[in-house]
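Notes for the one structure printed next.
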């Protein structure tokens, strides 16, 4: 084993640092999934009839569907009857003041680096904290409300803004869209809702922090963001889970709507528990994320840093409906040990002069499998559509795999679609060059990986770019963050 | 003997067709071949003809195409014609040794199989099975993957004849071998034939395959070509496809390469109704080089789909894929390329490029350039583009006094030339250059080299 | 400072250096010349500790310590700088980040506080003007998209920042125009002090017009076959290498 291999070996044995479990009283319903469970969830949340109907329709569809087998993933059979579909920290209503919040919970979020006290928050970030199935605290709601911005938990939105929810729920990701979207539509528990009114630039980063805490539960959150004409919002999502030996299911749906001239930026730092180094435990992360750039000149931008989960199945997509609309996807996906990721993006060009950009950087280490899968589709009417995709893979070690499965479907002769991809390893000469300047191999690898991922990290909001950079190091290095 | 059938399920219909013709297909007192055929039918029944949902045939609905009612002919049919009267080859100037295959059967113009002075054996595959059984069965159906590939299984079950080529150790066969596949019939017909090319250690050969349809009937061809390139051999295979709009042509090439061998294939699709070319390459020894290139020019309702799978099984191999397409009118094009680097195949260098030009609003192109990589010390890259002719370049040329039509032709020709320039034989390269230029100018139709004047 | 004793080196089991003896004292400038393939770059690689260069015999003593016992980065931290013949590109890693990391590793090694970003930028600015390097070079990723000349100037710039005790410049002059050559020479001359030493590896005498060596050694087929003062370089320039090689073959 060469020095470099040894260090690579060391740095790829990193431990997950969010694996703790919080001891709080949790209310759960019995395991299993049937119509009755769907009704119970809806009843627990005092939902209106139309929402129950939405859930039931989705559930009936789900029963007829099969889990997709096309991804480049090996997943043991999932027993959907062995999962708890609703878990919540025991509480009556949402806390209005922080004093009412269980100190254990505040402590949990502090440990995760997400303070719930507004005065302690990262400057300019409003947070919706979701633990297991429910939202426990949304910060800065009042401040934002003054500008007409609605930022609250999904349940609150159903209560307080039913017309908006009814109008947009399922409008981007129909409840029948795919197996996991149908499952989510049937049993989703909570999540975040955000509406930016016409002409408003949201002055702070909005953020949802998801935490799975209870055992044997699945997390099914639903996020809906609507940016009305001429508005702007940047949104960040983070997530962690305790270290457990059994796999836990996470199936979320995120829907984004950008109206005329609106810009929506959605960033994710995904750090669900990836399982241990032998592949035991970890989150199954099956997520449907899709945005529609509905109005002319609108823009949707996805940025993701994926380091967690045992299995990731996720393709944040843009439907470019408005003329001159833009879709972007920037991704760094790191897989280590036995992790598997099949992730990428879909860009559907419908409007004229629509543009899309895909930059994907995969990093595989250990015995992991990392796949990029993407579709760029130019429909007949999408005159002068442009796409550029760049999908690079970096392999650390010879036991892992890196795969690229792009699909290009062009139905318009004025479109220009370009796809490029490369696969490489860190060059020994690069490491030696750093060594010769006195830089250790471990630091050199970290620098080179961050340099490789730079194009994507640069797209993250400033506050999180540094976090993400550290996370990349931790995921691969094992040095304490 | 002609059999008509009409069954709901296309796979089932082929299995029944086999059963009905068992006596002919298994009659030859050849247990080796018979057992392969039986296995092929079993695997066809199991795998089934791929439908619309098959990832592999996502862009070519092969099940629908094979559903059509066709005649099958399981023994060579005597057709009285004088070849010079109806057909002159597109590539006549090059010094070749021409072999005719009519509707899938070797056309007897003398000996069915010949051993040349340098030891090269060439002729009918069916004859080779009788005269050189050991040589044939060492390689026959070894590479075609009929146990996993239903289309190869279909061919393996039914194909009876084709061309056999054997180049012995260290023999460099200078003269190009030209195989002309002719389709000529009075009724619609499905044709399945099979070629087997064996190059022993250090051997070299060039093969040119020309596919032509000579009568206006509908033809479905499903051909398999197996190539075995032993250590340090060098093989060039150029295919020129020029069939009419009603033809469906599925070609399947399985290329097995051993250490230090080089195989280059150029597939030039000038014309055809539906064309699907499958090329599967196994780089089974170190330091192999494979070049798979293709050019397709399609207009009207034509549909051309190329699927390339390169298996890098051993270290230090190089592969290059370059496919270029120009699509006009309602043409449909598809490309799927896969580079699969296995865990042991360190120091692999693999490149894949697919560039396409759409000339009309109704033309459509789908591209799937894919990488599947399980080794870390590799250099792999791929790229795909769909676009138009460069407007700036067009304007530049026009501002120098070249008219628009001519400017467009020049640009298209330049685009196509990258593939043609890789054809190794100079004479062939020049001829194909001319053919492509003619095709782009619209001067080459399927009737160009046919004297039947049927339309 | 540096004592090379009977150094024998293999690359891929082929013997390239066949017993090198060389002593470099503080304050000296040594030039190593020789025809292509004589083993000049191999010697530089052996001094910097490249993995593919395997030392089969002999020893290298540096400041009283066994150099062969040290990792490449420890050699660097101990003050050995190699100016690469072909500097590698490291995409995405900015020159600023790269050099700051290197400087701070060095400071850590010397038990000094790390430089803040502002302090480092100030230092870099100073050194930039000393070397006469274009300011936009440092804004780019390490060597990425640099021309051959820019890469070489960048090596000298890094040397000026890191202030090594022993600089080894491997064909730093090849492919440079006169102006770039002056920058390179200037950088080396600035470094010169009673405590430091340089080894200039070059094929041509040209660079030695600007950097005056104290000693010139001719490396041929893995051995130092002739040593002398700076006049040896001029003689080589005039008569070519054949003169030496003939002399050797005649022996």
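We just call them A, B and C in the order they show up, numbering each chain from 1.
FYI, a contact is a pair of C-beta atoms (placed from the backbone, for glycine too) under 8 Å apart; a residue touches a chain by one contact, two chains touch by 3 or more.
Keep in mind the model is a prediction, meaning the values are calculated, not measured.
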Highest C-beta pair count, chain pair: A-B
Chain nearest the overall C-alpha centroid of the shown protein atoms: A
Maximum centroid distance from chain B, chain identifier (CA atoms): C
Rounded Å distance, chain A centre to chain C centre (Cα mean): 49
Centre distance in Å when chain B and chain C are each reduced to the mean of their C-alpha atoms: 57
For chain A paired with chain B, centre-to-centre distance based on mean C-alpha positions, whole Å: 45
Shared-contact residues (touching 2 or more other chains) in chain C: none
Residue ranges of chain B in contact with chain A within the complex: 55, 343, 346, 356, 358-388
Residues of chain A defined as touching chain B within the complex: 70, 72, 378, 380, 393, 395-425
Chain A residues within the chain C interface of the complex: 2-3, 427-430, 432-441, 443, 447-448, 450-455
Contact set on chain C toward chain A in their complex: 48-51, 71-73, 75-77, 81-82, 84, 87-88, 90-94, 97-99, 101-102, 105-106, 109, 141-142, 158, 162
